[in-house]
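In the two complexes below, subunit A is the common chain; its partner is subunit B in one and subunit C in the other.
So, the complex of A and B:
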């Protein structure tokens, strides 16, 4: 491995004929600027257009949609619920994902491949089917309530659906792989001798974990946390199908504006508002964790 | 490392097992229900039967939708297999150092921005340029765009892990650039290309938001068709459809595991 790092002594002394290579990036660059950057700009433009009853948008430009949104307490209520759900999903996913990643990283069993498939299995079931499976499990007379009642844990059914609870459970399930896989890579890269050194110096297992392994896996935790937070507050199908009106999130509201009410300019403004909130929260999070990260070796 | 199993070890094993069960529960339930003999998608099951698979094969709506989804996914995988691989080679090998990082960010951007926002953006954009939802152009480009990073990232990571001294050996033995690329570089990044394309295919097959907003009139993708179907018919045909697609996905994953190894997957 180290041989590749140091330049070979006879490193292509006769410089190869340089082919022009910039064309290689051209198709991808066209795709991403033409169909990602430009369209995102078109959301911004759309959000300043005037509403119209006879066409998709009116002739003039206005700031009105934004002022309407930031003064609407209904919108703020949904913003708050979306962020709270996103936060809970992120924390629970990390708490459940860490033990699995830890277990997989140290697993020497020949069943490890099977466990990998188990971990990515939420991604293998289609989105719609997965959500309907949760509908069957979480309904009032569904699998979860039947089992809990049979075990004598509850008297009356827990209301999972048409609330944030069911949405949270389904989102945790599907985003677990996104936490487990980066963490797994991170944990596998940590030299096991570091933890062994701590143990041999007399640290207890708990102390070794909290003082050595956990801090070393912080980069994996951070990557997973941001990914899950962004994905869960922008998820659409799961809150739309499981959340009902009580579990409605920002993404659901935006689609409602666009598709059901055909209010494109207002919907665009709402989408920009949602993106702005997401970006500022991530920026804040990165700032807050930057200091903790800097202490790492 | 030999250590006595403590109580905590057993507790840990139980917790991890429960989480594995949680991960598998919906998939197992769906497969189980597809063999249901009853009329409804519910537990407890009333008998076991294969009739919903029979119902599936006589349902032309699912057939058409599956064919449409297959086409979209195939085009996405093939197009990205070419342009994603080229872009990854450029980004890792040739990109000027000061652009390299921003180029990588841009290339993985479709994965970082919310899919629903991308769908909205494309909806406005195609409306503004006058194409709208005609000829499946918008939906196909949406699928290519969203699955692009899977090919790019997989090929880029294969290139990172690749030992360049083999190329130098080939060059010093007189092979020209193209020959070296064909005989040395391409074979060693092939697993990355295959994995990336396979992922692009599987993800494209499952995309919902993009398809919901950009579909052309009269043609539904399989997820959209399932969604519509389940709104009005809560019977196990949907579970049968799901089981068939689960079997296909698992077959794909097993092929990757046998040929490339699941551990080489990069997201």
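So, the complex of A and C:
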């Protein structure tokens, strides 16, 4: 376009605002529809199909898989274990991650960038490799047990593997960055003078933290907690490799239904059942935390 | 009576010497301004008093109590921050209540004091508002009220007006000064705005590069600056280098490249000095001291002309003259000023 044909400068800056930009979300929307919504829809449909021995599913429709699942105490046991593991991982990562995020947000030391790299380091190692490393560390004659025995803290080895304990430890390790990063952003946005004002008004460090800093960092806590909880209860590789039968979670059970037992409709129903539980818990969590945050700007 | 004493305070950040031998006695009920360009150490001084910075040497005394190493929460200070630092998740009443709850003041007494202080800052009826629902000026007054409601022994203000627009800033100067007078609280006010310091303070402490250049009442700072830095930082000034060659009574005789000048100065002045004359004290006529020069530039201001004059030695003077003086660049001019309107200090 020649310079003479271009509109006045102020029109140039005003023009993009009037242009519709909805098409810019099309690629992402296509991807989501094609690879998330459609498969989900097909799983929903599959979950109502009858089982078949000759095909993936039979032609008839049934609610049988769902009634079977909700009346199976074995499934409920695994649901409970999955949620409990998710909850413990979430609480532990928050407790471990908060001080790190706080330190990163307030420190002006040049070592901060090194700590930052340490924080995201779990994400820089491949999932399977990382889990194998945990397998070596947590086995009965592994590094952890040897060290504890050598220090005289334990007589018999702690059973980390084939239980929820090892799964919890490995998940805490890998999901720590997911609470630290949102919290870091949140804490950095809090004006440090606000905490100073509380101190000048006579509040101790502890009172300042619980009355001022902690309430103001609720959005970061909420975001980090949701991320870690959802990722923990849907994790597959870690519980599959470290959990064995005693640390089995819902994700492992679903894959077992689909791949090992070739029960596609029942596995689909189990997956939908789990998704429904997850969504209800998050909805409840958001309602509860929204009350805690209603005073925040 | 001394409320607060800084005794040879020194502060280092690594190898950087931020505060150098700061000595200051602040009397009960006094309004003191710490004035200086950014990086002069005024905010660091305030934060040392508040306990947010540790001192590397020296003592901070509140009355007779040594508070040098006390925690901020044990110093009994009220502080107003540049960003106001209101608690965003609390209403105005809760913000004010915070310091009272820490002090275990009873709920009925809290309510009484909050109502009283809100009336004092003219915010009655704003109890239930959140800080985000208030204008900048209102937030400022809440910050002030929050610091005052705990009835501290000293009030610290860290550039509280810097974020307000100009017209509001002028009102708030008088508002804060008036409030301080009514409450009678000892106040330390940090600012880089010399006119703020002039109108509000009992005494001004001019700081530069971590040292106190001068400490005194506004009139003394303005009329009898201790150094070129003070003279240049406060108001408009002209100055001329020279040497003391004698004294007649309380008037120094100073030899400059543009002739002999007579000037006041503090006792004991010798050697190389600078003579300072404020523009408003220069007349376009012969007086005790005269300087001849040429007009370099004349700017019409409406109520007068701002005239820049260069002396034969190359020194520049600015002065205001009547609007009808009709001077143009290149015109010869004679500047006159009284010896008692000139002030000499060590160069």
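In the analysis below, the second predicted complex is superposed on the first by the 269 of 297 C-alpha atoms of A that agree within 3 Å, B and C clash if a C-alpha of one lies under 4 Å from a C-alpha of the other, contacts with A are read in each partner's own complex, and residues count from 1 in each chain.
Following the convention adopted for this analysis, contacts are C-beta pairs under 8 Å (C-beta built on N, C-alpha and C of every residue); 3 or more make two chains touch, one makes a residue touch a chain.
Predicted model, so just to flag it, every value in this text is computed and none were measured.
Novice: Could you tell me if A:196 is touching subunit B, subunit C, both of them or neither one (first, second, both, neither)?
Specialist: The answer is both, since A:196 touches subunit B and subunit C.
Novice: Could you look at A:234 and tell me whether it touches subunit B, subunit C, both or neither (first, second, both, neither)?
Specialist: After superposing on A, A:234 lies in contact with subunit B but is clear of subunit C.
Novice: Give the label of whichever partner, subunit B or subunit C, reaches more residues of subunit A.
Specialist: Touching more residues of subunit A than the other partner does is B.
Novice: Should A:115 be classified as contacting the first partner (subunit B), the second (subunit C), both, or neither?
Specialist: A:115 contacts subunit B only, not subunit C.
Novice: Go through the superposed model and pick first if A:124 touches only subunit B, second if only subunit C, both, or neither.
Specialist: So A:124 only meets subunit B here.
Novice: So, does A:77 touch the first partner subunit B, the second partner subunit C, both, or neither?
Specialist: Touch partners of A:77: none, neither subunit B nor subunit C.
Novice: Pick out the shared contact residues on subunit A: the ones touching subunit B in one complex and subunit C in the other.
Specialist: In subunit A, positions 196 sit in both the subunit B and subunit C interfaces.
Novice: Could you list, by residue number, the parts of subunit A that touch subunit B in their complex?
Specialist: Answer in residue numbers: 1, 3-4, 8, 10-12, 16-17, 19, 21-22, 24-25, 27-29, 31-32, 35-36, 38-40, 42-43, 46, 56, 96, 99-100, 103, 113, 115-122, 124-130, 132-134, 136-137, 142-143, 146, 173, 176, 178, 181-182, 192, 196, 205, 230-231, 234-237, 251, 254-255, 258-259, 264, 267-268, 271, 274-275, 278.
Novice: Can you list the residues on subunit C that touch subunit A in the complex?
Specialist: 50-52, 71-79, 81-83, 85-90, 98-99, 102-103, 130, 132, 143, 146-147, 150, 156
Novice: Of all residues in subunit B, which touch subunit A in the complex?
Specialist: Of all residues in subunit B, those touching subunit A are 1, 8, 12, 15-16, 19-20, 22-27, 29-30, 33, 41-43, 82-84, 86-87, 89-91, 93-95, 103, 106-107, 109-110, 112-118, 120-125, 127-128, 141-142, 144-145, 148, 152, 163-165, 168, 171-172, 176-177, 202, 205-206, 208-209, 213, 222-223, 226-227, 230, 238-239, 241-242, 245-246, 249-250, 253, 257, 262-263, 265, 267.
Novice: What residues of subunit A sit close enough to touch subunit C in their complex?
Specialist: 191, 193-194, 196-204, 207, 211-212, 215-216, 295-297
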